[in-house]
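Note that the chains are named A, B, C and D in the order they appear, and that numbering of residues resets to 1 at the start of each chain.
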Amino acid sequence: MDSRVFIYVGMFGSGKTELSINTAIALRKSSNKVALIDIDIISPYFRSRDEKAFLENLNIKVITAPERYMLADLPIIPPEVGGYISNKEFLTVVDVGGNEDGAIVLGSLNHFLQNADKKIVFVVNVFRPFSSTEEEISRNIDKISRAARCRIDYLVNNSNIGPETTTNDIKTGEEIVLRVSKMTGIPVAFTSIDENIDYKGELPIFRMKRFMKNSW
Amino acid sequence: MATVDKIVAQMPKSLSKVEFSYCPGCHHGIVHRIIAEVIDELGIAEKTLMVAPVGCSVFAYNFFDLDGTVAAHGRAPAVATGMKRALPDRIVFTYQGDGDLASIGTAEIVHAANRGENITTIFINNAVYGMTGGQMAPTTLIGQKTTTSPYGREPKANGYPIRMSEMLSTLEGAVYIERTMVTTPQNVIKTKAAIKKAFQAQIKGLGFSMIEVLSTCPTNWGMTPIEAMKWLEENMTKTFPLGVFVDKTKGMI
Amino acid sequence: MKMLMKGTEAIAEAAIRAGCRLYFGYPITPQSELTEYMAKRMPEVKGVFLQSESEVATVNMLYGAACTGKRVMTSTSSPGFSLMQEGISYMAGAELPAVFINVMRGGPGLGDIQPSQSDYFQSTKGGGHGDYRMIVLAPHTLQEAANIMGEAFDLAFKYRMLVTILVDGMIGQMMEPVELPEWKNIEELKEPDWALTGAKGRKPRKVTSFDLDPYELEKMNLRYQATYKRVAENEVRYEEFKIEDADIIVVAYGTMARIVKTVADSARKEGIRVGLFRPITLWPFPYERLSKISQNVKHILTVEMSYGQMIEDVKLAVNGKTNVDFYGRSAGVVPTPMEVLEAIKKIAR
Amino acid sequence: MIKSIIIAGFGGQGVMLMGKIIAESAMLDGLNVTWLPSYGPEMRGGTANCTVIVGDEPIGSPVVDVPDVVIAMNIPSMIKFEEMLKKDGIMILNSSVIDREPSRKDIKVYKIDANKIADAIGNSKVLNMVTLGAFARVTGLVKLEMIGKALEETFAGKNKKLIDLNLEAVRQGMNSVS
């Protein structure tokens, strides 16, 4: 999965924000110029912006609504978003809101996205509602890619049920996501797992630290 | 040392130094500026009170360097009425979106207009609920998809887009109502003239005035600013034709 | 000179004399005479009367007018007061002063138009959203109602709070001789330093009830709470009637308290020493005083035109020091003196 | 001394006004008074009533369950309030409308042919003032002089003839009982 801009889309609660943060942290190891853009206009909770201070401490640029509107229930897309998608010096991760309702904002950025070296990554957690079968998932892929006005480049298996996740659960997810891949022709980039879990499957593994659980 | 011979453009005095919170391509900012310019030109800043709504423009009270408050959702015309009745020689205006004015606050705007309340309303119609994330508005077009009309607005289930300017213009108390847009420089000039006229009607004590400005919401429409502007011109103006719906100010201002 | 006045008229005239020149309202029985009185009277005193399209609009007109720093009021009855709760919460958050008259009638729902005291919770505990309080005054005679109007406006401005005059349909509808209070010189009323009047020669002012940052909003809330604390420390009002030697103290307010005064006399004729404790401020409730006097009596009886609302505050005050009993009728039924006497006799036995 | 009076009749018989004049007259005489109406739909047609209390002590309850005096202007009112009347209490009946006797024997009953007397004066509307006159004479609670003042205040700005007419009705009512 080689690219300059990584854009995570998916259904509500599929794990886009966790992946965005972890991707940004991983990219930071190879580059001094990493930006994380939070354009989740759907949910005012569990957003990358909640970890802004932590990320900025790691010298990762966090693009979100201005500080004073951080807690506003407002769908503010700051103008810098287009800038960081276009800026060739930056490795950029974009955390998009859930469902097609969240993906629709990509439409307003279409003119920037068209010319950017980017990958749109669809995150799947088969243990979330409306995501448990390959039919449901491919229907969601179709809806979200239409709302975003972009083709989906990769799938990611992020199947988990929180702290109770077993290796069997991850395996179940992997099997379903691979079948989706077969149906849609979209390759699977990796399986993401909690850093405390030991798992080895068919797909590459991306180890993640969970942030959002600390929010409550 | 360089000197300034002539200032050709500067920030209107009636705008505060607070940066707008609006998305790129959103028309709130343009309309804010127009209102501020009109207030400056009319020299009424020191006697103007503004009422901001609940909606994307909830912070508008802070973007203007004027006395101001924020009304409960939809109630701005009632709040403005209270202010104007208490201080009849001041200028009072409300700034409201389509959810605020045409849905939850329908009763308040209809009766303020019907009383001929001597206030001015700036009505921003972008056919969608911006603040709460792109839900269907009373002005959403037939067939338009929103997060709460995912299959497109269906008249049988959701009724029709409500034309507030046309409706309010039938009321005796309304003296000036015009619908405009700000998609081109010419349109911006027209909108400014309309807003100026609305304030002048109030200054002359003629009654209720409202300017409806058709606006874009690129973020919730899922369009680039340019596409959104085009969509507004091609689609919104069909349901919401531009024009003056009532003008009882002739020879008065 | 005393005049025979209806409660609604006495309250309206006293409000005008207290400097109120802005009235917004919507007709509802049993207080429509107040709205009508204002419609007739306000133009005579160069004031503003406006009949709004709904109670929802009324309270927001009040909000707008209150923003200008003037003395503003409205009057309504229970269902109308319910509709005003949204605006009341906003006004409380924006720290705007205003006076509300609620002439309570039977509920819930459409209920009836007869006297009731079943909006006690709504007024004293907050019928709208958020952590707010309003000062609630409960006069029991028309003279007291007339006298209290000036005080209501003074309190509203002193603390930047809402004040409700909570009466029932009986106080609203009955007539009694009233000595009207003196006229307040409205020229002397100073413009508050927060009023929105157009930013002439000063920085623009903003009146709002919100901050999206929870820590900032908490600061605002703590400021409200500090105000409420000052009110609770300084503005508690109550009346004690024949409590010195009482074995039973009846706690009642408004019309109910009047009835109990009659009952106390007839009970004493039968050898039962009954006294009355009458809260005049329902919020802040006179917890301390009631707590003190409850130590020496055998029984506390709460009598209300409801099925038990104020009794919760009475119990908090008494806090187990003695027995607390209850008698109440609601839905517009007014307990008669005889009924209340029977309830007292039952306890005395 | 505290005396309570319930006045009841059809809407339009002027029972509310009768109560107000009694209250006002007593107030002008330096007494404490309360006037409490039944309000609501009955104001517009059905049976209306009001409670007046007069006294030289502060008045507590404006509500009464054992009135000292009942003035009944029609049969339903007589039936409704007869039971409540105090033992040895006074009942004043408009005998032009009420063609039967109250069932209680432990009360004092006074019958006034109010409609007939009013018609003879030349205005059927003043039947309430005729009855008020009878009440004043029977109870001694209000004086003619004060009634005159109360009428002047009530009809302030109106035709002097109207006040005279009403006062004449009160006088004739007073004379009709002995």
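In this section, contacts are C-beta pairs under 8 Å (C-beta built on N, C-alpha and C of every residue); 3 or more make two chains touch, one makes a residue touch a chain.
If you're wondering where the values come from, they're calculated on a predicted model, not measured in any experiment.
J.: Looking at chain pairs A-C and B-C, which one is connected by more C-beta pairs in contact?
T.: B-C
J.: Roughly how far is chain A from chain C, going centre to centre by Cα mean, in whole Å?
T.: 56
J.: Could you tell me the distance, in whole angstrom, between the mean C-alpha positions of chain B and chain C?
T.: Centre-to-centre distance between chain B and chain C: 40 Å.
J.: Cα centroid separation between chain A and chain B, in whole Å?
T.: Each chain's C-alpha centroid was found; their separation is 37 Å.
J.: I'd like to verify one number: the distance from the centre of chain A to the centre of chain D, where each centre is the average of its C-alpha atoms, in whole angstrom.
T.: 85
J.: Enumerate the residues of chain A that touch no fewer than two other chains.
T.: 69, 72-73
J.: By the touch definition up top, name every chain pair that qualifies.
T.: A-B, A-C, B-C, C-D
J.: For the complex, give me every residue of chain C touching chain D.
T.: 2, 4, 29-30, 112-114, 169-170, 173-177, 255, 258-263, 265, 334, 336-339
J.: Enumerate the contact residues on chain C facing chain B in the complex.
T.: Listed in rising order, the residues are 22, 24, 48, 50, 52-54, 56-58, 60-68, 70, 72, 86-87, 90, 94, 196-201, 204-210.
J.: Within the complex, which stretch of chain C touches chain A?
T.: It comes out as residues 212-214.
J.: Which stretch or stretches of chain D touch chain C in the complex?
T.: Those residues of chain D that touch chain C are 20, 23-24, 27, 32-37, 39-40, 58-66.
J.: With touch defined as at the start, can you tell me which chain B residues reach chain C in the complex?
T.: 16, 45-49, 51, 61-62, 64-72, 75, 78-87, 90-91, 107-108, 110-111
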